[in-house]
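Paired with chain B in one complex and with chain C in the other, chain A is shared by the two complexes that follow.
Right, the complex of A and B next:
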């Protein structure tokens, strides 16, 4: 019981330290989104470009990828190891971050989407040749949000798995990764086989089925990424 | 202070999600918004009604999207959606320049050229791009158009 309480406290403090780490990433994300709105409505003459929902999606993938490269590095991992934090708690905290951060970032993109709409309404009052359309429906918004969320989680978990292996076995992973990329570039059959596998996941599916498929890929990535971190020695 | 900020931020995030959801139209309302009845004719051209013909839209109405429709009418018409924020039909009534060029050597072929003053300020509040993986939503969101080009039933559009 005592040990369980101490593990829960350790988990809380670990998550708090990740919260402090991710605040700067979130700040960058908010900064990019705000900059995009300002440039869209104040600097460029056309106000065209991706909406905040899509800009948020792309930014989220990009920033989480960088975050994953950092948090899986040996230096960062060893910083977090202090009794009673062990590898299981580290992996669990990473999984919680991978599940929670995309939701926060996508919800933030909704805030910016509303700000964009407010800016559009304001521009409508001040400009005679400004027009805007909302190409979104209730069901498409919910579906888009859910599918974007699981797609980001899936991509992030795959990046997490890859870098967890990479930092532990740099040479082997580099050789395998390099061979894979070269095969994709030079071997037509391999490229076609791989792309048909990817197409299989996305082709002709319902949103629920795609969600389940990407969730399955996420679970496999979590399981595979757990192996190299579990094998790490605590210094 | 920190805790209060996090709680306030969480409430704002959840509320913004709810507001976007509530402001969005239902699928049927969205379809109704882009139904042919919701478009207003701003330009029309007399065209030959005997035999068959081809209409080629040679200029792009960027940044607006347009759809091409064959219907039971006896003229070539350019219609503008009434529900676009910013009174687009009135702007187009005043500024649209459209010309039909006959190309007699290619049968009854009409080249339609559309122009209006640019740059226009236009914002498209688009949904998450991932939603277009699904045929249903791809077709639903493709209903969206600011401009509709309508031709009589004996005409085809050149899609090349």
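Right, the complex of A and C next:
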């Protein structure tokens, strides 16, 4: 008698495995955030702008980039095949991670922002030699959160797509990537054409339109990254 | 029902043929020994059946479907492979994952067995010795109760006592929850008692697929005077020969009629059955002579 509901069982198992992997990753993120904010408070007597939100964004992009380099590697993918799983589920779980992790990390940075604000208020009451100035309204916060979120998701999905191809076709991707970078450096027309394309897509647009365009780039990246993972063998 | 059907299976890695034209049918609920030298293609065959590798040519069917990237098939297949577990994962987490992955996995029994083998369930994989890793993988593989359970070198790193206990556990599991086992191993003599069929492969090619009884009676050792035995050459398939002065030992495929065996016995030739291990070793012996020939040169 063969097992049924295999896809759901496999998905639960795989997501549990990624939950275990990212538990320590999240701990590192919180540790870095706490360290950055505490050290800033100790070093500077002022807070002109939110350390938590800025540090959260940079930290989130940096750590997710590292996570993507790791989870797309052959060694890491092979470990996932120690239990029943197919390539669609692997890709789906990666997409879930790319969509969920930035949200959790940004929400954490918002919690740090609240703590930072509380600390600044407390310092203001107890010390006359301190000032802080950050003005965040509800709408600017929501817009900033949404655009930051989709920008991180977009960058992470592009990194995911790149490394999904790179680990499977190192030579081809290196040659294409190297040619692209050299063309950007040495071919003025190419560089200008590429810059104007980027500017045309992302510059001077409303936050809503920017969100949609970044979401479209994200979807394309997911679709392109799916191809090499779908075809890969577990050696 | 056939659990595994292979038709003209070829698997290439670059220019190297790891599996060459293998055709094989395996029935459900039997223990199959997959025998071959190092590099014969055993692991490649198991990984192809486990859906890790895509065949270059030919057809692979497991439970009637192609296993590559097929979760319906893979949920019913387990390949024991301790090198694939995340070294940073704790045994407890891996047991939880196994319980989520396999519908028949008995978590309580798995923990009892690990406790019995003195393997700490809270330890991480990287902290275990080779033997402990093997035991842990065996427990996961056996207790998953997958309809197709494949064990790749299951006794590697185990001491004699643990090897014996593994065999008892395997047979107990097999009798309680019948399923198809494919066991690849070098320790043929230890596994001989439990194997029902033997698949012998050499250099990626299948040499034979036979019932264990047929392998046990496949060949004979004939020990006698050189002059008596030399007359057999050309008439019978000799798979082993060794000369010690005027005495010779021949390993021959057992197609000798009873009257010829009686005649040889009357000429002072000692006849004994060739064990399964020796059959497998002699049939896959390279043509370049033995290791002692290297020293002699």
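As a convention for this text, the second predicted complex is superposed on the first by the 218 of 235 C-alpha atoms of A that agree within 3 Å, B and C clash if a C-alpha of one lies under 4 Å from a C-alpha of the other, contacts with A are read in each partner's own complex, and residues count from 1 in each chain.
Here, a residue touches a chain if its C-beta (ideal position, glycine included) is under 8 Å from a C-beta of that chain, and two chains touch if they have at least 3 such contacts.
These figures come from a predicted structure and were not determined experimentally.
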Touching A:126, do we find chain B (first), chain C (second), both, or neither? neither
Report for A:7: first if it touches chain B alone, second if chain C alone, otherwise both or neither. second
In the superposed arrangement, does A:89 touch chain B (first), chain C (second), both or neither? second
Going by the touch definition up top, name the partner, chain B or chain C, that contacts more of chain A. B
Go through the superposed model and pick first if A:16 touches only chain B, second if only chain C, both, or neither. second
Check whether A:108 is in contact with chain B, with chain C, with both or with neither, and answer first, second, both or neither. first
After superposition on the shared chain, which partner residues are touched by A:148: those of chain B (first), chain C (second), both, or neither? first
Would you mind writing out the residues of chain A in touch with chain C in their complex? 1-7, 9-10, 12-13, 16-17, 20-21, 78-79, 81-89, 230, 233-235
Going by the contact rule at the top, pick out the chain C residues touching chain A in the complex. 47, 51-54, 63, 69-72, 74-78, 81, 84-86, 89, 93-94, 96-98, 100-104, 147
Residues of chain A touching chain B in their complex? 40-41, 45-48, 50-51, 53-54, 57, 104, 107-108, 110-111, 113-114, 116-117, 120-121, 123-124, 127-145, 147-148, 151, 202, 204-207, 210
Which positions of chain B touch chain A when the two form their complex? 12-14, 16-17, 19-21, 23-27, 29-30, 63-64, 84-86, 88, 91, 117, 119-131, 133-135, 137, 140-141, 144, 146
